[in-house]
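Heads up, the next two complexes both have chain A, just with different partners, chain B and then chain C.
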Partner chain A sequence: MKLVTAIIKPFKLDDVKAALETLGVVGLTVSEVRGYGRQKGHTEVYRGAEYTVDLVPKVRVEVLTDDLDADKVVDTITESARTGKIGDGKVWVVPVETVVRVRTGERGADAL
Partner chain B sequence: MSEHRRRPQGAEERSEPGGEQSDAVSRGGGRAGPAAALRAARAELVGPGGPVGAGLRDALTALYDRWLADRLSGVDDVALVAVGSLGRREPAPYSDLDLVLLHRGRRDVAAVADALWYPVWDAGTGLDHSVRTVAEAVAVARADLKAALGMLDLRHLAGDRALTGLLRESVLAGWRADAARRLPELREATRARWEAQGELGFLVEPDVKECRGGLRDVHVLRALAAAQVVDPPGSGVVAARDVLLDVRGELQRRAGRALDRFVQQEQDSVAATLGHGDADGVLQAVSEAGRMVSYASDATWRRVAAELDSRRRRWLPGRRPAVGVRRPLAEGVVEQDGEVVLARDADPWTDPVLVLRAATAAARAGLPLAPHAVDRLATESAALPSPWPAAARDAFVDLLGAGRRAVPVLEALDRSGLLVALLPEWAPVRSRPQRNPVHRFTVDRHLVETAANAAALTRTVARPDLLLLGALLHDIGKGHPGDHTDAGVRVVRGLAPRLGLSYGDSATLVAMVRHHLLLPDTATRRDLGDPVTIRTVTEAVDGSRDLLDLLHGLSIADGLATGPAAWTDWKAGLVADLVQRAASVLAGAPPPVSPPPTPEQRALADAGTLAVRVEGETVTVAAPDAPGLLSKTAGVLALHQLDVRSATITTIGAMAVNVFAVSPRFGRGPDPAVLRADVARALAGTLALGERLAAKERAYRTPSGAAAPRVTWLDAAATAATVLELRAADSMGLLHRVTAVLERCGLAVQSALVSTLGGAVVDAFYLVGPDGSPVTDPGLRARVEQAVVDAV
Partner chain C sequence: MPFDLTKIDTGATAWVLASAALVLIMTPGLAFFYGGMVRAKHVLGMLMQNYVTIALVSIVWVACSFSLAFGKGNGFVGDLHFAGLNHMNETLPGYVDNFAQVIPPIVFVVFQLMFAVITPALITGSTADRWKFGAFVPFIVLWSILVYGPVAHWVFSPEGWLFKRGALDFAGGTVVHINAGSAGLAMALVLGLRKGWPKEQMRPHNVPFTLLGAALLWFGWFGFNAGSALGAGNLAGYAFANTNTATAAALLAWIAVEKLKYGKATTLGAASGAVAGLVAITPCAGFVSPLGSIAVGVLAGAGCALAVRLKTRLGFDDSLDVVAVHLVGGIIGSLCVGLLATVDTNPLGADGLFYGGGFSLLGKQALAVVCVMTYSFTVSFILGKGINVFIKNRVPEEQEVEGLDLALHGETAYEFSTLTAGGGSSAVGPAHATASSASAREGVSA
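The block that comes next holds the complex of A and B.
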């Protein structure tokens, strides 16, 4: 099992959700976060003082998925979240040891 | 991070680096896009076999200049300006590019900026960027100090030169006009950075950019000169800057990323590439450079303060600044404008003691030596005769006696080469690193700090002059191969007569160097109640109370200068106790004997059951005497994060009363009730002591690579026992494991002393055999030795 995590621009969340639904993903977690990448939160036409680093609002999307589907989920998020401008974000995958459905006690893939 | 199956849209095609990379870079064409071309060209420069030092910086500057100019070619009414390291033509392999795009209000400036920045980002290069009109840039410089400092180094790269020229004039004019406001702000920011980053000259892994004495301070010196209040940095600072830039370049090349902290694992390879020999050699060069910059910074900031004060006073009605008033301090030495300078008729060539008089006068007055006075003394001073005249020796001792105030003066003498001219023996210890977590300073600065500390102790000795000289010279052997004490003795044997010391005083100084570790080592590793311990000290000082007092003062001064881990109240108390006992024997008193059990200990023994008492940092455990009592108790103490400093074992009838001096590893004292419960379980065998200690040690495992443990048997170190001394790397539960092994070998531990310094321990065990006599059987010794080494 894998956890796919994506940091994306807030206004791209609806596009990402729709694309994942089409893929067949039935559950995900969304949280509001702040961060920056190597562009330090600056836009292309930044006028402020250089050397400053700005934290920019982003959205974190997390999807638990089967090993075989992880790549598809990554590609779907990447395509749907892309604007081509700086600040589009990143997607990464980590392995998951155990998943349990709280209501029923199902474990592993049954809990996805 | 997972691999993307499809290449993201908008990314440039990437090609492998090719032979015509420079043409590809300049055209941005061929099969390689501009981002890939830049990435490939830079990889070739910073890869193995690429240029080194200034050659690398020049090549990177040329690469970036050309590539960036090509990105902007054909675009009017804008200018691309480099600030920061690229502006100064000193980029490191993984430096960010600091760029400003100037414009006159173009509506489509965003598109121009996109075409510049995206290829830089796609090339994986860090970018600090902004897009501004000249007015906006000037406003940012006025409001933000860091931005202002960056813009002082601005350099035109491409586009409209008039725009760049306008920005340069405006920024410089604003910086100069606003100096009275900006420079104090810069001073405070500089002090805060020094406080946070430490001093480049003394750290074993310094940040070559941000530390005091680092590259940032060189930039500050240039900014101060740009404000037209002081002269630009001199050749010494420029040379120091080049050393630091070379090191930074190689460091980043090796690390493959933007790294400014000169980490130990890269020091050997950087040293080899730059021709500094080994890690110590390159660290010495870095330390020298850092101290040169620090010294120049101190002198420059003093002049800035004086200049700003003078300007301020000029505008005060009715007052004129007092200029050039000279106040005599000593023969040939005067104070002027807050600095110590040479009198008009002073002549260093005919008065070789002048340098020492000037230094002493400066130290006593708490004033700096003026740089031009130092330069003149360095250039014109004749060598002192050998032996030194009394006036020279007295002045030198007076200088050391000024204590803390002597430190910056000695630093000034050292920076200019005057200290080595006076004491050639100083050269090997200059900026010599000490790769020991306990030592804060390089060897030379440690010696100066020890002398400064000794100045506060001169009233405790009959010969303050010898205390100060001994403090300054006690580790002089560290610049030589082999044992530093033996080397130091050889050096001082030759140096002392040259200083003009008498035969007797020279012998005392040599003895101080030979025995400078005698008192702290003995106090922490030997039973102070054993007459043999005291006799060892009294024989070493050859019956001299004066030498004993000198060694005591030196121990205190040395410990304080080393660092807080090296000189604790506990150690100070042990040393003082040892000195007192030795002094009383020297005065004719009988040697001390181990004190009898105290009434409290007797009461615990009489109770006949397990008892654990905790008073401050002393834990007393009374229990029926049985094999394994000491090791199990030591194990429980380790489980409770208590480091044992000493353990004394007293047998009263059938009971053993073990007294442990402990210190909490993490600042939390022991809970007596929990401690007692765990001791009871350990003695009953129901506490899985070994497993729990092993689990704890795994959680706190220290890095491997320590030297092999060493066991030494000392037959003459105790009255009725044999001392086994173990040197090993510190680890949790070490005392438990070693005492368990000794117990299994049938030996009885009378006492144990643990001295821990910087991750290494020296444990001394007072042992007797199964028959209660010292351990002399070679076969038994060999078995014990092997068992102890295996347990470590």
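The block that comes next holds the complex of A and C.
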């Protein structure tokens, strides 16, 4: 099993969610996060004073998937989250040792 | 001399009473105007200073400062004849002949009270985020007595020395704005720099609050300026029209400067420009023509937008630009009276330089500006230093970092985390307070 984590632009969340639903993904976790990459934040000017906002709001999407579907999930997120502009985010995949469904106690792929 | 009740004009009285209520709402409006610009951990501290100023000055005004401002006394300060609002059946000194009032003295008292309230409230912008509440309270009480009372007497009372010299101030360019701006500068110097200024990020935490506050100020300002006609007639109409026109021009001028200098027109700039215009038209409202008010607004909007850089150039921490908006705006407005006043608008006024009056009025205006600035700055500075001997003005550093809301008032304005909000947490005890302060900080630094 794999955990696919994506950091995306907040306004792209709806597109990503819809694309994943179409793919057949049945569950995901979303959180609001802040960070920076090569984009290095932005500047804001209030009454002539410049402020560097280095931590930019982003959305983190996490999807648990079996090994075979991981690439498809990554491709789907990448395509649906892309604007082509700086700050589009990142997607990465890590192996998952086990997964348990809390309600039934099912383990492994059955719990996905 | 007894006040002749048969001279009361009910229309004028109704308008001035309504105006008093309009001016009252300006102080909460100011609280939100400022409150939006501070960081989330200090917003209640800011709101509290403003609301408590309403209460403090309301009592002091009745007790003695109205009498100091409008009692006969000498040219410098009134006497205590009207202390405790005694003798309200008498005509107020100097308000005879051309200046005879058609509203009852008690109505004039409540209208002028609202000016006495908002003036020290304006100071709180320059001192944001670091003034200890326990030192703030005695400062406001003493400032109302030692600074506001005398300055209002000089300029507003027909018995005052600047009034007698012919300096014109329709609604408080000197008495309110230059006065508060100078005191704000003095207290910013007395208190010193906020921890971390100017390096640390101190972004406004709620710009919509600031815009809402500016809207309340703009609305209330019609009472401030048009109410200062002390009647419900032609002059009030001119003051109203001039107030709105100058404010519109200043808003546009400020955002135009921003667009040219920084590339973008901002909402904070629009709100600031509106307030700068309101400040500058205050002394002019009942003396200039509507076209003149456009000139006042453009000068104020552009002038104040450029003046906000002064504090970083000179290194004083006027946190929310009270100097740039109120002192500079007040000076622009007061001097504009000397340029643009016309007896076509107000027969009791005078003609300024551009209306054939020569330099005479401009000279009087400059004198009033310099005297009010000097007096207010000096007395405020000494008062601030003096209070510091008994009660430290400045909150301890850890409280400044924690935030005035929690440190001084035991509250936090916002619950950022759902983990600490609502029924899940205990309503009592320091555990709850610590959790919410941690989340408040998180929200700010993020």
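Some notes on this structure:
Throughout what follows, the second predicted complex is superposed on the first by the 100 of 112 C-alpha atoms of A that agree within 3 Å, B and C clash if a C-alpha of one lies under 4 Å from a C-alpha of the other, contacts with A are read in each partner's own complex, and residues count from 1 in each chain.
As a convention for this text, a contact is a pair of C-beta atoms (placed from the backbone, for glycine too) under 8 Å apart; a residue touches a chain by one contact, two chains touch by 3 or more.
All values reported here derive from a predicted model rather than from experimental measurement.
In the superposed model, A:Val45 lies in contact with both chain B and chain C. By the document's definition of touching, of the two partners only chain B reaches A:Asp71; chain C does not.
Judged by the touch definition given at the top, the superposed model places A:Gly84 against chain B, while chain C stays out of reach.
Of the two partner chains placed by superposition, A:Arg107 touches none, neither chain B nor chain C.
More residues of chain A are touched by B (comparison of chain B with chain C).
Once the two complexes are overlaid on the shared chain, A:Arg34 sits against chain C while remaining clear of chain B.
In the superposed model, A:Val93 makes contact with chain B only, not with chain C.
Where the contact sets of chain A with chain B and with chain C meet, they give residues 44-49, 51.
Those residues of chain A lying in contact with chain C across their complex are 34, 44-49, 51-53, 55. Every residue of chain B that touches chain A in the complex is listed here, in rising order: 1-2, 4-6, 8-10, 83, 98, 100, 109-110, 113-114, 117-118, 121, 126-132, 136, 140, 143-144, 146-147, 150.
Partner chain B is touched in their complex by these residues of chain A: 38-40, 42, 44-51, 70-71, 74-75, 78-79, 82, 84, 86, 90-93.
Of all residues in chain C, only 198, 201, 203-204, 258, 261-262, 264, 266, 268-269, 272, 305, 308-309, 312, 321, 446 touch chain A in the complex they form.
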